[in-house]
Amino acid sequence: MAYVTHCKVRFQHCDPAAIVFYPRYFEMINSAVEDYFADVVEADFNSMHVEGHVGVPTVSLETQFHAPSRLGEVLSFSVAPTAVGATSLTLAIHAHCGDHHRVSCRLTLVYVYMTTGRPVPWPDPMRQRFVTEPEKG
Amino acid sequence: MAYVTHCKVRFQHCDPAAIVFYPRYFEMINSAVEDYFADVVEADFNSMHVEGHVGVPTVSLETQFHAPSRLGEVLSFSVAPTAVGATSLTLAIHAHCGDHHRVSCRLTLVYVYMTTGRPVPWPDPMRQRFVTEPEKG
Amino acid sequence: MAYVTHCKVRFQHCDPAAIVFYPRYFEMINSAVEDYFADVVEADFNSMHVEGHVGVPTVSLETQFHAPSRLGEVLSFSVAPTAVGATSLTLAIHAHCGDHHRVSCRLTLVYVYMTTGRPVPWPDPMRQRFVTEPEKG
Amino acid sequence: MAYVTHCKVRFQHCDPAAIVFYPRYFEMINSAVEDYFADVVEADFNSMHVEGHVGVPTVSLETQFHAPSRLGEVLSFSVAPTAVGATSLTLAIHAHCGDHHRVSCRLTLVYVYMTTGRPVPWPDPMRQRFVTEPEKG
(Lines give C-alpha, C1' and ligand atoms only; values in the text may rest on other atoms or scores of the structure.)
Protein backbone atom coordinates (compact mmCIF):
# COMPACT_ATOMS: atom_id res chain seq x y z
CA MET A 1 0.00 0.00 0.00
CA ALA A 2 1.31 3.44 -0.90
CA TYR A 3 1.67 6.07 1.78
CA VAL A 4 -0.91 8.88 1.36
CA THR A 5 -0.84 12.49 2.55
CA HIS A 6 -3.13 15.44 1.74
CA CYS A 7 -2.87 19.07 0.64
CA LYS A 8 -5.58 21.68 0.14
CA VAL A 9 -5.34 23.89 -2.94
CA ARG A 10 -4.80 27.40 -1.56
CA PHE A 11 -5.05 30.85 -3.11
CA GLN A 12 -1.22 30.94 -3.08
CA HIS A 13 -1.08 27.90 -5.39
CA CYS A 14 -3.33 29.33 -8.11
CA ASP A 15 -2.54 31.29 -11.27
CA PRO A 16 -4.62 33.79 -13.23
CA ALA A 17 -6.67 30.89 -14.64
CA ALA A 18 -7.62 29.99 -11.01
CA ILE A 19 -5.92 26.58 -11.37
CA VAL A 20 -2.75 25.30 -9.69
CA PHE A 21 0.38 26.89 -11.20
CA TYR A 22 2.55 23.84 -11.97
CA PRO A 23 5.67 24.85 -9.96
CA ARG A 24 3.40 24.85 -6.88
CA TYR A 25 2.68 21.13 -7.46
CA PHE A 26 6.39 20.54 -6.82
CA GLU A 27 6.14 22.36 -3.48
CA MET A 28 3.26 19.98 -2.66
CA ILE A 29 5.22 16.97 -3.94
CA ASN A 30 8.23 18.01 -1.85
CA SER A 31 5.98 18.24 1.21
CA ALA A 32 4.58 14.77 0.42
CA VAL A 33 8.15 13.40 0.24
CA GLU A 34 8.92 15.25 3.52
CA ASP A 35 5.87 13.55 5.14
CA TYR A 36 6.87 10.17 3.71
CA PHE A 37 10.37 10.45 5.19
CA ALA A 38 9.04 11.62 8.58
CA ASP A 39 6.18 9.09 8.86
CA VAL A 40 7.49 6.01 7.03
CA VAL A 41 11.28 6.27 7.02
CA GLU A 42 11.33 7.92 10.49
CA ALA A 43 13.86 10.46 9.25
CA ASP A 44 12.54 14.00 9.48
CA PHE A 45 14.04 16.70 7.26
CA ASN A 46 15.01 18.90 10.21
CA SER A 47 17.08 16.17 11.88
CA MET A 48 18.57 15.19 8.54
CA HIS A 49 19.49 18.68 7.32
CA VAL A 50 20.17 20.68 10.44
CA GLU A 51 21.53 18.04 12.78
CA GLY A 52 22.87 15.31 10.50
CA HIS A 53 24.16 17.46 7.62
CA VAL A 54 22.63 15.03 5.16
CA GLY A 55 19.98 15.74 2.56
CA VAL A 56 17.95 14.10 -0.20
CA PRO A 57 18.19 16.38 -3.26
CA THR A 58 16.05 15.46 -6.27
CA VAL A 59 18.18 14.54 -9.28
CA SER A 60 15.53 13.78 -11.88
CA LEU A 61 11.80 13.74 -12.42
CA GLU A 62 9.25 12.85 -15.06
CA THR A 63 5.86 14.41 -14.60
CA GLN A 64 2.51 14.36 -16.40
CA PHE A 65 -0.22 16.85 -15.54
CA HIS A 66 -3.43 15.04 -16.48
CA ALA A 67 -6.05 17.66 -15.54
CA PRO A 68 -6.08 21.01 -13.71
CA SER A 69 -6.74 21.35 -9.96
CA ARG A 70 -8.85 24.21 -8.65
CA LEU A 71 -8.88 26.52 -5.63
CA GLY A 72 -10.39 24.81 -2.56
CA GLU A 73 -9.97 21.21 -3.73
CA VAL A 74 -8.27 18.74 -1.39
CA LEU A 75 -5.66 16.63 -3.17
CA SER A 76 -4.30 13.28 -2.00
CA PHE A 77 -0.67 12.48 -2.73
CA SER A 78 0.38 8.82 -2.75
CA VAL A 79 4.09 8.06 -2.39
CA ALA A 80 5.59 4.61 -3.09
CA PRO A 81 9.21 3.53 -3.69
CA THR A 82 9.74 1.78 -7.02
CA ALA A 83 13.53 1.36 -6.99
CA VAL A 84 16.22 1.54 -4.31
CA GLY A 85 19.89 2.01 -5.25
CA ALA A 86 22.97 2.12 -3.04
CA THR A 87 22.58 5.88 -2.59
CA SER A 88 19.37 6.66 -4.53
CA LEU A 89 15.62 6.16 -4.27
CA THR A 90 12.96 6.36 -6.97
CA LEU A 91 9.42 7.24 -5.89
CA ALA A 92 6.13 7.04 -7.79
CA ILE A 93 3.92 9.92 -6.69
CA HIS A 94 0.32 10.44 -7.77
CA ALA A 95 -2.04 13.30 -6.96
CA HIS A 96 -5.78 12.69 -7.04
CA CYS A 97 -8.86 14.72 -6.18
CA GLY A 98 -11.36 12.02 -5.24
CA ASP A 99 -11.27 9.61 -8.19
CA HIS A 100 -9.80 12.16 -10.57
CA HIS A 101 -6.14 11.65 -11.44
CA ARG A 102 -4.35 15.00 -11.63
CA VAL A 103 -0.58 14.43 -11.57
CA SER A 104 1.84 11.50 -12.05
CA CYS A 105 5.45 11.94 -11.03
CA ARG A 106 8.44 9.63 -11.05
CA LEU A 107 11.11 11.24 -8.89
CA THR A 108 14.64 10.10 -8.11
CA LEU A 109 16.50 11.50 -5.14
CA VAL A 110 19.94 10.81 -3.73
CA TYR A 111 21.19 10.63 -0.17
CA VAL A 112 24.10 13.09 0.11
CA TYR A 113 26.44 14.40 2.75
CA MET A 114 25.80 18.16 2.52
CA THR A 115 29.32 19.33 3.44
CA THR A 116 30.85 17.54 0.44
CA GLY A 117 27.77 17.25 -1.79
CA ARG A 118 28.74 13.57 -2.33
CA PRO A 119 26.28 10.66 -2.32
CA VAL A 120 26.53 8.31 0.64
CA PRO A 121 24.96 4.84 1.08
CA TRP A 122 21.58 4.68 2.82
CA PRO A 123 21.96 3.65 6.46
CA ASP A 124 20.37 0.25 7.04
CA PRO A 125 17.53 1.50 9.28
CA MET A 126 16.41 3.83 6.47
CA ARG A 127 16.92 1.32 3.67
CA GLN A 128 14.79 -1.29 5.48
CA ARG A 129 11.84 1.10 5.42
CA PHE A 130 11.85 1.52 1.62
CA VAL A 131 9.34 -1.16 0.69
CA THR A 132 9.07 -1.18 -3.09
CA GLU A 133 6.04 -2.28 -5.00
CA PRO A 134 5.54 -2.94 -8.71
CA GLU A 135 4.56 0.21 -10.64
CA LYS A 136 1.04 0.28 -12.03
CA GLY A 137 0.75 0.69 -15.81
CA MET B 1 -12.00 33.72 21.58
CA ALA B 2 -9.81 34.07 18.50
CA TYR B 3 -10.09 31.53 15.70
CA VAL B 4 -6.95 29.33 15.51
CA THR B 5 -5.52 27.36 12.59
CA HIS B 6 -2.16 25.56 12.19
CA CYS B 7 0.69 25.33 9.72
CA LYS B 8 3.80 23.16 9.77
CA VAL B 9 7.09 24.80 8.78
CA ARG B 10 8.16 23.01 5.61
CA PHE B 11 11.43 22.86 3.69
CA GLN B 12 9.82 25.19 1.11
CA HIS B 13 9.39 27.91 3.77
CA CYS B 14 13.02 27.98 4.91
CA ASP B 15 15.97 30.08 3.79
CA PRO B 16 19.72 29.38 3.86
CA ALA B 17 19.69 30.04 7.62
CA ALA B 18 17.14 27.15 7.99
CA ILE B 19 14.55 29.58 9.39
CA VAL B 20 11.30 30.76 7.80
CA PHE B 21 11.94 33.30 4.98
CA TYR B 22 9.61 36.16 5.95
CA PRO B 23 7.60 36.35 2.66
CA ARG B 24 6.55 32.74 3.38
CA TYR B 25 4.91 33.90 6.64
CA PHE B 26 2.56 35.94 4.48
CA GLU B 27 1.61 32.82 2.50
CA MET B 28 0.82 31.20 5.88
CA ILE B 29 -1.06 34.32 7.06
CA ASN B 30 -3.06 34.38 3.83
CA SER B 31 -3.97 30.71 4.36
CA ALA B 32 -5.01 31.52 7.94
CA VAL B 33 -7.28 34.32 6.63
CA GLU B 34 -8.59 31.87 4.00
CA ASP B 35 -9.41 29.36 6.78
CA TYR B 36 -11.01 32.09 8.91
CA PHE B 37 -13.31 33.12 6.04
CA ALA B 38 -14.22 29.51 5.23
CA ASP B 39 -14.76 28.33 8.82
CA VAL B 40 -16.04 31.44 10.63
CA VAL B 41 -17.51 33.73 7.95
CA GLU B 42 -18.77 30.77 5.88
CA ALA B 43 -17.44 32.40 2.73
CA ASP B 44 -14.82 30.27 1.01
CA PHE B 45 -12.34 31.92 -1.35
CA ASN B 46 -13.32 29.72 -4.29
CA SER B 47 -17.00 30.71 -4.12
CA MET B 48 -16.04 34.34 -3.57
CA HIS B 49 -13.46 34.65 -6.34
CA VAL B 50 -14.54 32.21 -9.00
CA GLU B 51 -18.31 32.23 -8.60
CA GLY B 52 -19.09 35.58 -6.95
CA HIS B 53 -16.41 37.75 -8.60
CA VAL B 54 -15.66 39.33 -5.24
CA GLY B 55 -12.38 39.31 -3.36
CA VAL B 56 -10.73 40.53 -0.18
CA PRO B 57 -7.42 42.13 -1.18
CA THR B 58 -5.10 43.22 1.63
CA VAL B 59 -4.62 47.00 1.65
CA SER B 60 -2.25 47.42 4.59
CA LEU B 61 -0.33 45.51 7.19
CA GLU B 62 1.94 46.07 10.16
CA THR B 63 4.06 43.13 11.16
CA GLN B 64 6.62 42.34 13.83
CA PHE B 65 8.78 39.24 13.63
CA HIS B 66 9.64 38.47 17.27
CA ALA B 67 11.76 35.34 16.86
CA PRO B 68 12.68 32.94 14.04
CA SER B 69 10.72 29.73 13.29
CA ARG B 70 12.53 26.57 12.29
CA LEU B 71 12.01 23.64 9.93
CA GLY B 72 9.58 21.08 11.35
CA GLU B 73 7.92 23.33 13.93
CA VAL B 74 4.12 23.52 13.99
CA LEU B 75 2.86 27.10 14.23
CA SER B 76 -0.57 28.18 15.45
CA PHE B 77 -2.14 31.24 13.81
CA SER B 78 -4.84 33.07 15.75
CA VAL B 79 -7.15 35.37 13.76
CA ALA B 80 -9.47 37.92 15.40
CA PRO B 81 -11.29 40.94 13.95
CA THR B 82 -10.44 44.22 15.70
CA ALA B 83 -12.35 46.71 13.51
CA VAL B 84 -15.13 46.40 10.94
CA GLY B 85 -15.77 49.21 8.44
CA ALA B 86 -18.47 49.53 5.79
CA THR B 87 -16.25 47.75 3.25
CA SER B 88 -13.13 46.88 5.30
CA LEU B 89 -12.01 44.52 8.03
CA THR B 90 -8.99 44.72 10.31
CA LEU B 91 -7.64 41.46 11.73
CA ALA B 92 -5.12 40.81 14.51
CA ILE B 93 -3.10 37.72 13.62
CA HIS B 94 -0.53 36.09 15.89
CA ALA B 95 1.73 33.12 15.18
CA HIS B 96 2.99 31.04 18.09
CA CYS B 97 5.01 27.86 18.46
CA GLY B 98 3.77 26.49 21.77
CA ASP B 99 4.14 29.43 24.16
CA HIS B 100 6.70 31.22 21.98
CA HIS B 101 5.39 34.28 20.19
CA ARG B 102 6.83 34.46 16.67
CA VAL B 103 4.82 36.96 14.58
CA SER B 104 2.28 39.75 15.22
CA CYS B 105 0.35 41.13 12.28
CA ARG B 106 -2.37 43.75 11.97
CA LEU B 107 -3.90 43.37 8.53
CA THR B 108 -6.63 45.37 6.84
CA LEU B 109 -8.50 43.97 3.87
CA VAL B 110 -11.32 45.34 1.75
CA TYR B 111 -14.31 43.64 0.17
CA VAL B 112 -14.18 44.47 -3.56
CA TYR B 113 -16.09 43.62 -6.70
CA MET B 114 -13.34 42.16 -8.90
CA THR B 115 -14.70 43.33 -12.26
CA THR B 116 -14.51 47.00 -11.24
CA GLY B 117 -11.91 46.75 -8.45
CA ARG B 118 -14.25 48.94 -6.34
CA PRO B 119 -15.03 48.33 -2.66
CA VAL B 120 -18.56 47.15 -1.89
CA PRO B 121 -20.33 46.96 1.50
CA TRP B 122 -20.11 43.67 3.40
CA PRO B 123 -23.31 41.64 2.96
CA ASP B 124 -25.15 41.34 6.30
CA PRO B 125 -24.62 37.57 6.69
CA MET B 126 -20.85 38.11 6.46
CA ARG B 127 -20.80 41.22 8.65
CA GLN B 128 -22.68 39.45 11.43
CA ARG B 129 -19.91 36.89 11.67
CA PHE B 130 -17.18 39.46 12.32
CA VAL B 131 -17.16 39.42 16.11
CA THR B 132 -14.59 41.94 17.25
CA GLU B 133 -12.73 41.77 20.50
CA PRO B 134 -10.49 44.32 22.23
CA GLU B 135 -6.86 44.08 21.12
CA LYS B 136 -4.43 42.85 23.72
CA GLY B 137 -1.55 45.18 24.56
CA MET C 1 20.30 29.08 -32.38
CA ALA C 2 18.36 28.68 -29.16
CA TYR C 3 16.80 31.71 -27.49
CA VAL C 4 18.60 32.61 -24.23
CA THR C 5 17.37 34.53 -21.17
CA HIS C 6 18.93 35.01 -17.72
CA CYS C 7 17.98 34.75 -14.06
CA LYS C 8 19.97 35.55 -10.93
CA VAL C 9 19.77 33.09 -8.03
CA ARG C 10 18.10 35.04 -5.23
CA PHE C 11 17.75 34.42 -1.50
CA GLN C 12 14.10 33.49 -2.19
CA HIS C 13 15.20 30.58 -4.43
CA CYS C 14 17.51 28.94 -1.87
CA ASP C 15 16.87 26.23 0.68
CA PRO C 16 18.56 25.46 4.01
CA ALA C 17 21.52 24.02 2.07
CA ALA C 18 21.97 27.48 0.39
CA ILE C 19 21.30 25.93 -3.03
CA VAL C 20 18.31 26.40 -5.34
CA PHE C 21 15.22 24.53 -4.05
CA TYR C 22 14.12 22.56 -7.15
CA PRO C 23 10.51 23.88 -7.35
CA ARG C 24 12.05 27.36 -7.77
CA TYR C 25 13.79 26.16 -10.96
CA PHE C 26 10.31 25.67 -12.42
CA GLU C 27 9.43 29.28 -11.59
CA MET C 28 12.60 30.27 -13.49
CA ILE C 29 11.77 27.86 -16.34
CA ASN C 30 8.25 29.28 -16.54
CA SER C 31 9.70 32.81 -16.75
CA ALA C 32 12.07 31.65 -19.51
CA VAL C 33 9.10 30.23 -21.45
CA GLU C 34 7.25 33.53 -20.79
CA ASP C 35 10.24 35.47 -22.23
CA TYR C 36 10.45 33.10 -25.21
CA PHE C 37 6.78 33.65 -26.04
CA ALA C 38 7.06 37.44 -25.63
CA ASP C 39 10.35 37.87 -27.52
CA VAL C 40 10.28 35.12 -30.16
CA VAL C 41 6.61 34.19 -30.67
CA GLU C 42 5.46 37.80 -30.13
CA ALA C 43 2.68 36.57 -27.87
CA ASP C 44 2.96 37.92 -24.33
CA PHE C 45 1.27 36.05 -21.48
CA ASN C 46 -0.79 39.07 -20.42
CA SER C 47 -2.39 39.49 -23.88
CA MET C 48 -2.89 35.74 -24.15
CA HIS C 49 -4.39 35.14 -20.71
CA VAL C 50 -6.18 38.34 -19.83
CA GLU C 51 -7.26 39.60 -23.24
CA GLY C 52 -7.35 36.50 -25.43
CA HIS C 53 -8.57 33.94 -22.86
CA VAL C 54 -6.00 31.48 -24.16
CA GLY C 55 -3.16 29.87 -22.24
CA VAL C 56 -0.28 27.43 -22.61
CA PRO C 57 -0.48 25.01 -19.66
CA THR C 58 2.38 22.53 -19.26
CA VAL C 59 1.20 18.94 -19.70
CA SER C 60 4.43 17.02 -19.16
CA LEU C 61 8.06 17.46 -18.31
CA GLU C 62 11.23 15.45 -17.90
CA THR C 63 13.95 17.10 -15.89
CA GLN C 64 17.47 16.28 -14.77
CA PHE C 65 19.25 18.34 -12.13
CA HIS C 66 22.95 17.89 -12.94
CA ALA C 67 24.53 20.04 -10.24
CA PRO C 68 23.36 22.51 -7.58
CA SER C 69 23.16 26.29 -8.18
CA ARG C 70 24.14 28.72 -5.45
CA LEU C 71 22.99 32.08 -4.10
CA GLY C 72 24.24 34.96 -6.27
CA GLU C 73 24.99 32.95 -9.42
CA VAL C 74 23.56 34.16 -12.74
CA LEU C 75 21.99 31.33 -14.73
CA SER C 76 21.35 31.34 -18.48
CA PHE C 77 18.26 29.52 -19.74
CA SER C 78 18.22 28.41 -23.38
CA VAL C 79 14.83 27.62 -24.93
CA ALA C 80 14.43 25.79 -28.26
CA PRO C 81 11.42 24.05 -29.82
CA THR C 82 12.02 20.39 -30.64
CA ALA C 83 8.53 19.34 -31.82
CA VAL C 84 5.41 21.21 -32.92
CA GLY C 85 2.02 19.47 -32.93
CA ALA C 86 -1.37 20.78 -34.06
CA THR C 87 -2.05 22.16 -30.56
CA SER C 88 1.16 21.33 -28.67
CA LEU C 89 4.78 22.44 -28.47
CA THR C 90 7.79 20.64 -26.99
CA LEU C 91 10.69 22.76 -25.77
CA ALA C 92 14.24 21.79 -24.78
CA ILE C 93 15.36 24.04 -21.94
CA HIS C 94 18.85 24.07 -20.44
CA ALA C 95 20.17 26.08 -17.52
CA HIS C 96 23.89 26.84 -17.32
CA CYS C 97 26.11 28.89 -15.06
CA GLY C 98 28.98 29.84 -17.36
CA ASP C 99 30.09 26.49 -18.83
CA HIS C 100 28.53 24.45 -16.03
CA HIS C 101 25.37 22.55 -16.99
CA ARG C 102 22.85 22.67 -14.16
CA VAL C 103 19.42 21.62 -15.46
CA SER C 104 18.00 19.89 -18.56
CA CYS C 105 14.26 20.01 -19.13
CA ARG C 106 12.03 18.71 -21.90
CA LEU C 107 8.66 20.40 -21.51
CA THR C 108 5.46 19.97 -23.51
CA LEU C 109 2.74 22.59 -23.38
CA VAL C 110 -0.62 22.86 -25.10
CA TYR C 111 -2.46 25.86 -26.52
CA VAL C 112 -5.90 25.90 -24.84
CA TYR C 113 -8.97 28.09 -24.82
CA MET C 114 -9.29 28.89 -21.10
CA THR C 115 -13.10 29.10 -20.96
CA THR C 116 -13.49 25.50 -22.10
CA GLY C 117 -10.05 24.12 -21.14
CA ARG C 118 -9.94 22.53 -24.62
CA PRO C 119 -6.86 22.53 -26.88
CA VAL C 120 -7.08 24.73 -29.98
CA PRO C 121 -4.77 24.75 -33.04
CA TRP C 122 -1.86 27.21 -32.99
CA PRO C 123 -2.70 30.31 -35.06
CA ASP C 124 -0.43 30.50 -38.14
CA PRO C 125 1.48 33.63 -37.02
CA MET C 126 2.48 31.80 -33.81
CA ARG C 127 3.22 28.47 -35.50
CA GLN C 128 5.54 30.13 -38.02
CA ARG C 129 7.74 31.37 -35.19
CA PHE C 130 8.35 27.90 -33.73
CA VAL C 131 11.62 27.07 -35.49
CA THR C 132 12.61 23.59 -34.41
CA GLU C 133 16.14 22.33 -34.30
CA PRO C 134 17.51 18.81 -33.78
CA GLU C 135 18.00 17.96 -30.12
CA LYS C 136 21.58 17.57 -28.97
CA GLY C 137 22.50 14.20 -27.46
CA MET D 1 18.69 60.10 -4.29
CA ALA D 2 17.15 56.72 -3.55
CA TYR D 3 18.61 53.59 -5.11
CA VAL D 4 16.26 52.11 -7.75
CA THR D 5 15.98 48.54 -9.07
CA HIS D 6 13.35 46.88 -11.30
CA CYS D 7 11.19 43.77 -11.41
CA LYS D 8 8.80 42.51 -14.09
CA VAL D 9 5.46 41.11 -12.92
CA ARG D 10 5.55 37.44 -13.92
CA PHE D 11 2.87 34.77 -14.18
CA GLN D 12 4.31 33.28 -10.96
CA HIS D 13 3.49 36.50 -9.05
CA CYS D 14 -0.20 36.65 -10.02
CA ASP D 15 -3.29 35.31 -8.31
CA PRO D 16 -6.67 34.23 -9.72
CA ALA D 17 -7.57 37.93 -10.15
CA ALA D 18 -4.50 38.28 -12.46
CA ILE D 19 -2.94 40.81 -10.07
CA VAL D 20 0.15 40.43 -7.87
CA PHE D 21 -0.55 38.20 -4.85
CA TYR D 22 0.71 40.33 -1.94
CA PRO D 23 3.22 37.81 -0.45
CA ARG D 24 4.99 37.95 -3.85
CA TYR D 25 5.60 41.70 -3.33
CA PHE D 26 7.73 40.75 -0.34
CA GLU D 27 9.83 38.42 -2.53
CA MET D 28 10.33 41.45 -4.84
CA ILE D 29 11.06 43.74 -1.87
CA ASN D 30 13.59 41.22 -0.51
CA SER D 31 15.30 41.15 -3.92
CA ALA D 32 15.35 44.98 -3.96
CA VAL D 33 17.03 44.95 -0.52
CA GLU D 34 19.44 42.27 -1.83
CA ASP D 35 20.31 44.54 -4.80
CA TYR D 36 20.68 47.56 -2.50
CA PHE D 37 23.15 45.70 -0.28
CA ALA D 38 25.13 44.36 -3.27
CA ASP D 39 25.22 47.61 -5.26
CA VAL D 40 25.27 50.34 -2.59
CA VAL D 41 26.59 48.71 0.60
CA GLU D 42 28.96 46.42 -1.37
CA ALA D 43 27.91 43.49 0.79
CA ASP D 44 26.33 40.71 -1.24
CA PHE D 45 24.02 38.23 0.46
CA ASN D 46 26.08 35.22 -0.60
CA SER D 47 29.28 36.55 1.01
CA MET D 48 27.33 37.64 4.07
CA HIS D 49 25.35 34.43 4.63
CA VAL D 50 27.53 31.68 3.29
CA GLU D 51 31.01 33.02 3.95
CA GLY D 52 30.55 35.51 6.80
CA HIS D 53 27.79 33.75 8.76
CA VAL D 54 26.01 37.07 9.17
CA GLY D 55 22.55 37.99 7.97
CA VAL D 56 20.04 40.84 7.90
CA PRO D 57 16.68 39.39 9.02
CA THR D 58 13.67 41.68 8.81
CA VAL D 59 12.23 42.41 12.26
CA SER D 60 9.29 44.66 11.38
CA LEU D 61 7.45 46.18 8.45
CA GLU D 62 4.57 48.51 7.71
CA THR D 63 3.13 48.24 4.25
CA GLN D 64 0.37 49.90 2.25
CA PHE D 65 -0.83 48.46 -1.04
CA HIS D 66 -2.16 51.48 -2.94
CA ALA D 67 -3.28 49.85 -6.20
CA PRO D 68 -2.96 46.43 -7.85
CA SER D 69 -0.13 45.52 -10.25
CA ARG D 70 -0.84 43.40 -13.31
CA LEU D 71 0.89 40.65 -15.30
CA GLY D 72 3.57 42.04 -17.62
CA GLU D 73 4.04 45.40 -15.90
CA VAL D 74 7.57 46.49 -14.98
CA LEU D 75 7.79 47.85 -11.44
CA SER D 76 10.52 50.12 -10.08
CA PHE D 77 11.54 49.67 -6.45
CA SER D 78 13.25 52.61 -4.71
CA VAL D 79 15.22 51.84 -1.53
CA ALA D 80 16.43 54.57 0.86
CA PRO D 81 17.65 54.38 4.47
CA THR D 82 15.65 56.51 6.89
CA ALA D 83 17.25 55.51 10.21
CA VAL D 84 20.47 53.75 11.20
CA GLY D 85 20.86 52.20 14.67
CA ALA D 86 23.85 50.47 16.24
CA THR D 87 22.71 47.10 14.84
CA SER D 88 19.59 48.03 12.84
CA LEU D 89 18.60 49.79 9.62
CA THR D 90 15.23 51.20 8.57
CA LEU D 91 14.52 51.44 4.85
CA ALA D 92 11.74 53.25 2.96
CA ILE D 93 10.81 51.20 -0.09
CA HIS D 94 8.35 52.30 -2.77
CA ALA D 95 7.12 50.40 -5.82
CA HIS D 96 5.88 52.32 -8.83
CA CYS D 97 4.72 51.42 -12.32
CA GLY D 98 5.60 54.56 -14.28
CA ASP D 99 3.99 57.37 -12.26
CA HIS D 100 1.56 55.06 -10.48
CA HIS D 101 2.36 54.38 -6.83
CA ARG D 102 1.65 50.75 -5.98
CA VAL D 103 3.32 49.88 -2.67
CA SER D 104 4.87 51.76 0.29
CA CYS D 105 6.93 49.81 2.79
CA ARG D 106 8.87 50.81 5.87
CA LEU D 107 11.12 47.89 6.79
CA THR D 108 13.52 47.46 9.70
CA LEU D 109 16.24 44.84 9.57
CA VAL D 110 18.96 43.88 12.01
CA TYR D 111 22.54 42.79 11.45
CA VAL D 112 22.96 39.43 13.23
CA TYR D 113 25.60 36.79 13.69
CA MET D 114 23.79 33.69 12.38
CA THR D 115 25.47 31.14 14.69
CA THR D 116 24.14 32.86 17.81
CA GLY D 117 21.19 34.76 16.31
CA ARG D 118 22.44 37.85 18.24
CA PRO D 119 22.59 41.37 16.79
CA VAL D 120 26.07 42.73 16.15
CA PRO D 121 27.13 46.34 15.38
CA TRP D 122 27.39 47.33 11.72
CA PRO D 123 31.02 47.29 10.56
CA ASP D 124 32.18 50.82 9.72
CA PRO D 125 32.59 50.22 5.96
CA MET D 126 28.91 49.16 5.79
CA ARG D 127 27.63 51.89 8.10
CA GLN D 128 29.33 54.61 6.04
CA ARG D 129 27.31 53.55 3.01
CA PHE D 130 23.92 54.01 4.70
CA VAL D 131 23.17 57.57 3.60
CA THR D 132 19.85 58.53 5.14
CA GLU D 133 17.50 61.08 3.70
CA PRO D 134 14.39 62.68 5.20
CA GLU D 135 11.23 60.66 4.56
CA LYS D 136 8.70 62.21 2.20
CA GLY D 137 5.22 62.76 3.64
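The letters A, B, C and D name the chains in turn, as written, and every chain counts its residues from 1.
Here is the rule we use: a residue touches a chain if its C-beta (ideal position, glycine included) is under 8 Å from a C-beta of that chain, and two chains touch if they have at least 3 such contacts.
The structure presented is a predicted model; accordingly, all values stated were derived computationally and were not measured.
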Identity of the chain that, by mean CA position, is farthest from chain A: D
Copies chain C and chain D touch via same or different residues, half shared test: same
Chain pair showing more contacts of the two, A-D and A-B: A-B
Centre-to-centre distance between chain C and chain A (centres being mean Cα positions), rounded to whole Å: 23
Euclidean distance of C-alpha centroids - chain A vs chain B, Å: 28
Centroid spacing, where centroids are CA-atom means, of chain A and chain D in whole angstrom: 33
For chain B, residues contacting two or more additional chains: 11-12, 16-18, 21, 23, 27, 30, 49-50, 71
Overall pattern in which the protein chains touch one another (line/ring/star/complete/other): complete
Chain D contact footprint on chain A (complex, rising order): 11-12, 14-18, 21, 23, 71
Contact set on chain D toward chain B in their complex: 16-17, 19, 21-24, 26-27, 30, 49-50, 55, 57-65, 68, 114, 117
For the chain D and chain C complex, residues of the former touching the latter: 10-12, 18, 27, 30-31, 34, 44-46, 49-50, 70-72
